[in-house]
Amino acid sequence: MDTGDTGFIMICTALVFLMTPGLALFYGGMVRKKNVLSTLMHSWIIIGIMSLQWILVGFTLAFGPDHYGLIGGLDWLGLKGVGMEPNPDYAGTIPAILFMGFQMMFAVITPALISGSIAERMRFPAFIVFMLLWATFVYDPLAHWVWGVGGFLRELGALDFAGGNVVHISSGYSALIAALVLGKRNGFGKDSMAPHHVPMTVLGAGLLWFGWFGFNAGSSLGANGLAAMAFVNTNTAAAAAAISWVVVERLHRGKSTMLGAASGAVAGLVAITPGAGFVTPLSSIVIGLVGGAVCYLAISVIKAKFGYDDALDAFGCHGIGGTWGALATGIFATTSINPAGADGLIYGNSSLLGIQAMSVGITVMFTVAATFIILKLIALVMKLRVSEEQESNGLDLSLHGERAYSEFV
Amino acid sequence: MDTGDTGFIMICTALVFLMTPGLALFYGGMVRKKNVLSTLMHSWIIIGIMSLQWILVGFTLAFGPDHYGLIGGLDWLGLKGVGMEPNPDYAGTIPAILFMGFQMMFAVITPALISGSIAERMRFPAFIVFMLLWATFVYDPLAHWVWGVGGFLRELGALDFAGGNVVHISSGYSALIAALVLGKRNGFGKDSMAPHHVPMTVLGAGLLWFGWFGFNAGSSLGANGLAAMAFVNTNTAAAAAAISWVVVERLHRGKSTMLGAASGAVAGLVAITPGAGFVTPLSSIVIGLVGGAVCYLAISVIKAKFGYDDALDAFGCHGIGGTWGALATGIFATTSINPAGADGLIYGNSSLLGIQAMSVGITVMFTVAATFIILKLIALVMKLRVSEEQESNGLDLSLHGERAYSEFV
Amino acid sequence: MDTGDTGFIMICTALVFLMTPGLALFYGGMVRKKNVLSTLMHSWIIIGIMSLQWILVGFTLAFGPDHYGLIGGLDWLGLKGVGMEPNPDYAGTIPAILFMGFQMMFAVITPALISGSIAERMRFPAFIVFMLLWATFVYDPLAHWVWGVGGFLRELGALDFAGGNVVHISSGYSALIAALVLGKRNGFGKDSMAPHHVPMTVLGAGLLWFGWFGFNAGSSLGANGLAAMAFVNTNTAAAAAAISWVVVERLHRGKSTMLGAASGAVAGLVAITPGAGFVTPLSSIVIGLVGGAVCYLAISVIKAKFGYDDALDAFGCHGIGGTWGALATGIFATTSINPAGADGLIYGNSSLLGIQAMSVGITVMFTVAATFIILKLIALVMKLRVSEEQESNGLDLSLHGERAYSEFV
Amino acid sequence: MKKIEAIIRPGKLDSVKDALSNHGVNGLTVTQVIGCGKQKGNTQIYRGVEYTVHLIPKVKIEVIVMDKFVEEIIQIITTEARTGEIGDGKIFVSAVENAFTIRTGATGEQAL
Amino acid sequence: MKKIEAIIRPGKLDSVKDALSNHGVNGLTVTQVIGCGKQKGNTQIYRGVEYTVHLIPKVKIEVIVMDKFVEEIIQIITTEARTGEIGDGKIFVSAVENAFTIRTGATGEQAL
Amino acid sequence: MKKIEAIIRPGKLDSVKDALSNHGVNGLTVTQVIGCGKQKGNTQIYRGVEYTVHLIPKVKIEVIVMDKFVEEIIQIITTEARTGEIGDGKIFVSAVENAFTIRTGATGEQAL
C-alpha cells in the first residue's frame, strides 16, 4: 500500500461523489421553477439508493470473480472480504475497500445522468424502481464487461479509461429510450421551457468539472504521471469544447450564451472520459473542439428534427459526447502516453477504431434493449408518468409537497 | 513524516473547512428571505473568530500538556512550539502545525452548528460573545477530555472517532438550551416559516456531505485503510439515513421531500461520526437507517409536542443524531475494523455501551449547564434578543443593513 | 517522483481550478440581475481560452528556457517535451505536466480577476481580445520574471510565494486602468447598483477560500511542513481580515455586513498570498487585520473620492491587498519558517522591504502601461463598450440572448 | 374605456396572450399574484410539519380597451383560460377615464 | 360591486387573510409591491457605500365584493393590519362594473 | 380622488419617483409587471433553441391623488419616463371612491 496513492484516490472519491450533487444543480437550474425540487430529488435519491445497492450487490456483480466474461459472482455480497488490504487484481497500492468506494461513486452518478431526459414528468415510485433495476441489470453487468477482470469487452481490447461506455454511452442511450417511452412534456414545443435559474446550472457545471478531475485522473488508481496526464487532458478537452460550443452557437444563432459555455464544457468532459489516459493534450484539444460542436448540433438541430423530448439533453450530451469520445480514443490513443493502451488511427493502427466502434455498438444495443424492456415491465405494474394535473401544478408540489422558493418576504 | 499522509490530511482540512460555508447555505436556505444574510453571517463570523481563538488559546487549552485530565496547559499559547515537525503524541507522520489546522476546522464548525437553533432572533453582539465564551469554556475543555492526551473521557475508554461528543452532542444540546433561553420566534406555530430557498439548503447539504469525508476519514490522521473504511462508512450511513428519513416521512405524511432527503443525509452523517472508524459498512447501514428515523421523529413529533423553537433543528439533528451515534458505537464497534477500538454489544461486550452512555451523559450535563450559565451571564450585560420590530423587519436589514436579493430588474 | 507530493499537487490544482467558477459566483452575485450571466461568462470564457492559450504558448513563454531574464523561449510550444517525468528546475518530485497544470490554473484565474472592474458594460468580443493579449503580453512575461528560472525579479531576491505580484498586483492595477479606459456605468452614483444576490457572492467567497488552500499551500509544490504552514497562514489571514473588515465598517457605518465579511476574507487571502510560505501564523494575523482594513478604506473612501467605477472592486481588493501583501512580506518574512526565503524588517533586515517595494513598483508600472496600450490598440479596431441601449437592457439579454431567472412559475 | 382584469391560472397565460393578439389586442400588462377563492389551497410539508397554503399562484392580466371590445375580449379570455375545474379564475371590468401614451403624448382612445 | 385595495405590511397578510375568511370573504388576490408614503425608507450598506432605499416592501390585497359588504371589510382589514406605527398602509375603494367566473360563465354579483 | 397607473420602463423608476417626490407626491405603490404593446419582444436562446419572449419587464406605479393634481402628475411622469423610443409605456386614470389610512382611520382625501 502507498499512502500517496491511497490519499489521492480517497480525495478523488470525494470529488466524484460531489459530481452528483453538482449534477442535481446542473439539471435543477434548467427545469421550470415548479419542478426544481423534483429534479434535485432525482439525483439525491439515487445517491441514497445506489450507495446501498452497490455495497450490497452491485460491487460484487461488477467486480466479483468473473463468470463467462458476463458477470461477477456473488462472492463479495455485502462487501464480504472486501477490506483494508489491497486487491492487486484491481489496484495494488490502495485498500480494496477504497477501490470499492471509488467505483461506487461511478455507480451513483451514472443513473443520475439518465434522469435529465425524463425530468418534469416521471412518477417518483416508478423512477425509483426503474433506477434500481437499471443499476442492477444494466450498469453492473456493463461495468463487469468493460472493467471486471475477465469481462469480455475488456478482453476484446476496447479502451475506456474512465467510463465512456459504462457511464456516458449507457446512460445517454438509456435516457433517449426513457424519453421516448415517457413521451413529451405537455406543452413541449409550445410553452416556454426556458431554464428557471441559469446560475444554478452554471454552479452545477463548475462542480461537475471540479469533480471530473477525480473521475478521470483518479481512474489511473494512483498518484502518478498518468493521472497527471489524464488531469490535464480533462481540463483541456473541457475548455476546448466550451469554446467550440459557443463559437458554433454564435455562427448558428448569432450569440454566445453562458448556458452554452457550461453545456459545452460538460460535453467536452464527456468526450475526453474514455481517452483521458491514452491521448496527448494536443489531441485533447481536437477531441474537445469536435465534442462541443457535435453535441451542440445533436441538441439544437437533430433533436429539433426528430422532436423527442430529451428534457435536459442527457442523450445529447452523454450519448453523443460519449460515442464521439469512444471513437476518438480509437483515433488518438497513443502508447507513448500509456503503454498499457494501444495506438490509434493517427498513429497508424486502424484496428483500435474498429474495436472501439464495436464496443460502442454492443453497449448501445444492450442498454437500449434492456432499458426498453425494464420500462415496459414497470409500466405493467405501475404508471410511469404523472397525471396532467400534477404536471401542470408542478412535481414539487404534487409529488413532494414542497415549493423551492417562498416568494413573499 | 509521510508525504502521503501529510497531503491527505491537508486536503481533509480544506474539506472540513468547506463544511462551515456549506453549513451557512444549509441553514441559510431554511430561514425566511429577510433573515438569510444574518444566518449566513452566523457561520461566517464564527469562521473568523474561531480561527483566531484557536490559534491564540483554543489549541493549547484543548491539546496542550494535560492538567488533571481536565484541560490543556497554556504552553502552546499563540502556537508557541507548534511547528513543521510532527508531534508523535497526536500524529507522528504529519506536521504538528497541520494537526493543529485540522483540529481548528472542528473548532470552527462546532459553534456554527449551534447557530441553527437561535436563527432569526438573536442580537449579533450577544451572538459573538456567546460563541467566544462557549468555544473557550465548553468546546476547548471537552475536546481535551475526549481527545487530549490525558483527557479523562479518553482515559475512560469512550470511543469517539471523529467527534460525536465533542462536536455533535455538545453543539446539539447547547443549541436546545439556547433556543429555550431565547424563546420562540414571533409568530412561531402561526405564521408560515417555510424555507425561503430549498435548493440553497440542498447545495449546503451536498457541500456538508463532501466535507464530511475529510471530517471522518481525516480523523484517522493518515491515508490508510482505516481512513478508507471510515470514508465508506460515512457515505453508507448518510445514504441509509437519507432513505430512511424519506421513507418515514412518506409513511407519516404521505410524501417524500427533497428537504427530507437532505436532512436525513445530514442526520446520517452525524450518526456515523463517532463510530466511523470502528464499525463495518453493514453496521453503518443500520446506524444510518435508525439515525434518519430517530432524527425525523425528534423533529416532527417530539419538537411539536414540547413546542420549543429549535429553528433549524440543530438539536434535532446533532443532539439526537449524535447521541444515537455514540450509543451505536457502543453497539456496533468491532476490533476487526479497528484494533485500537473495542468490541461493542453485538460482539459480546456490553461494557462499551455503558461507557459510551456515561460519556454522553457527562457531555450533556456539562454542556447544558455551561451553556445555560454562559447565556444567563451574558444576559446580565446585554440583551440577547432583537426587538420585535427588528425581528419583523428581518435581521438582514435591521442588524446588517443589507438585503439578500434585490428584486427589481 | 513522490506519490504523496504528486497526489497533493494534483488535488491542489483542482482546488485552484475551482476558484474561477467560484469567482464567477462571487462576482455574479454583486451585479444587477440583468447582467449576472454576462458576469459569469467573463470567468467561464476565460477558463476556456486561457486553458488553451497556456498549453499552446503561455507555459513556454513563462517557464521555458530563459532569454535575458525577460521571457521564456518557445522550446515547449504546445507542451513539446513536457511529460510525465519531473522537471527538477521547478519541481523535482512531481510530473512536469502536473507542474504545468498547476501553473495553468493561476494563468486562468488572473485575467478573470480583472473582469470585476469592467463588469456590466464591456462588449464581449473586445473582452476576449483584451484577455488574450493581456495574458500573452502581460501575464506570461511577468510570471517569467518572478517565477521562471533566470527571471529577473526572481534573481533580484523578491519574495512572492504564491503570486502576489504575478496574480494580484498585476490583475488589480490592470483592472483599475480598464475601468478608467471604459468609463463609468450609466447611472453610476445615481441609480442603485446594489448586489442582486448576496448569497451567491457568499457562496463564491466560500469556494474561493476553499480553493485558496490549493493556491497557497500547493505553491510549496509538495506535501510538506512548509505547505502546512502556508495552509494555516492562509486561513489565519483570511479570518483576521474578515473580522477587521466588519469591525472597521461597524465603526464607519454602524453595521457589520455579510458582504463585508466575505469581502474581507477575500482581501485577507489576497494579502497573505505573497507571504504565505515565509511568515508565522501570528504575523498572518497582523497581515490579515491590516489587509482587511486597508482594502475596506480603499473601496469605501478612496474610490468614492476619486470616483472611478471599479464595479466589483477588483482594484480595491487585489491591487491594494496585493500591494500590502508584498510589502508585508518584506516586513514579516522569516527564515525560521522558510530558509529559502529571507528575513524581513521586524527580524532586523530592512533590505528585503526595499526589494519588495521595487518589485511592486516594476510590476505596477509594467502592467499599467501594458494594459493601457493594449486597450487603446483594441479600441482602434473595435468598440470596447456596449451601446447605451444594450447597457440599459442588460448584457445578458443584449449580448448573450439569455435571462438568468425566469420569474414566472 | 374599460379596464379588464383577468385572474387566471399561470399555465394559461401563453394561450390567452396568443389568442388576444390573434384578435388584434396587443397591449396588455401581466402581474404575478397569489389568490384564493373556491379553490382549496395545498399542503406543504417541511421536516414533518404540514403547512396549508391557501394562496395559490395566479397571474393577473390587465387590458385597457375601448368599450366596444370588452365583450369580445371577455369571450376570448373565458374560452382560453377555462379548464372547467375550480380555480379557473375571474374577470373584472371597470371604467377607465383616460389614457396617455408616454412616448407620443397621445391621450384618450388614441393612446391605446 | 366594489374593489377594495388594501396596501398593508407583509407581516400582516396572514392575519388579514384569516380574519377575512372568518367573516366569509373567501375570494381575494394578493400582489407583492413596494411603496412609499410617510414611512421613511431604510439605509443599506454595500462595501461601505450607503444607499437609501425609499420603497419599502408591502403587499396589496384586492377584494371585489358586493357594495353592502364594503364597510365591514374595511373594518376588518383596518383592525387586523393596524400596528399604530407609520407604514400601516392604505385602503382604496373603487367601482367595478362587472365580474365573470371563467369556469361557470356566471356574471355580475353571481360571479363573486 | 383619482388613481393614476403608469406602466413604465424599469430603468426609469428612480427618476420618476424622485421627480414625484420633489413635487410633493410622496405616496405611491410600485409593482413589477411584464407587458406587451407596440414594443417587440426579445429573442432568447437556450441550447440552440430560440424563444421569442413577447412580454417585457416593466414597472407599474400607482398613485392615488386628489383630482386637482392629476394633470400635474401625468406631466411629471411623462417627462421623466420618456425616451422617445417605443416601449416608454402608458398612463391610465380612473376614479377612486374613497381612501382610508389604516393607522389613523382617516378617510377620503384626508387619507392621502
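Think of it as A, B, C, D, E and F in the order they're written, each chain with its own count starting at 1.
By our rule, a residue touches a chain if its C-beta (ideal position, glycine included) is under 8 Å from a C-beta of that chain, and two chains touch if they have at least 3 such contacts.
Values in this document were obtained by computation on a predicted structure and should not be read as measured data.
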{"item": "Chain-contact steps, minimal, separating subunit F from subunit C", "value": "1"}
{"item": "Higher-contact pair (C-beta pairs counted), C-E versus A-D", "value": "C-E"}
{"item": "Computed distance of Cα centres, subunit F from subunit A, in Å", "value": "50"}
{"item": "Inter-chain centre distance, subunit B versus subunit E - centres from mean C-alpha coordinates, in Å", "value": "44"}
{"item": "Distance between chain centroids, defined by C-alpha means - subunit B, subunit C (Å)", "value": "33"}
{"item": "Numbers and ranges of subunit A residues touching at least 2 other chains", "value": "2-5, 7-8, 11, 192, 194-195, 197, 203, 253, 255, 257, 259, 401-403, 407-409"}
{"item": "Multi-chain contact sites of subunit F, meaning residues that touch two or more partners", "value": "11, 31-32, 34, 44-46, 53, 94-95"}
{"item": "Of all residues in subunit D, those that touch subunit E in their complex", "value": "2, 6-8, 31-38, 54-55, 58, 60, 74, 77-78, 81-95"}
{"item": "Contacting residues of subunit D [partner subunit F, same complex]", "value": "3, 17, 21, 26-32, 64, 94-103, 105, 111"}
{"item": "Touching residues on subunit B, where the partner in the complex is subunit D", "value": "192, 194-195, 249, 252-253, 255, 257, 259-260, 263, 296, 299-301, 304, 313"}
{"item": "Residue ranges of subunit E in contact with subunit B within the complex", "value": "9, 11, 14, 34, 42-46, 53"}
{"item": "Subunit B residues within the subunit C interface of the complex", "value": "1-8, 10-11, 13-14, 17-18, 21-22, 24-25, 28, 36-38, 40-41, 44-45, 47-49, 51-52, 55, 78-79, 83-85, 94-95, 97-98, 100-101, 104, 124, 197, 200, 203, 396, 399-406, 408-409"}
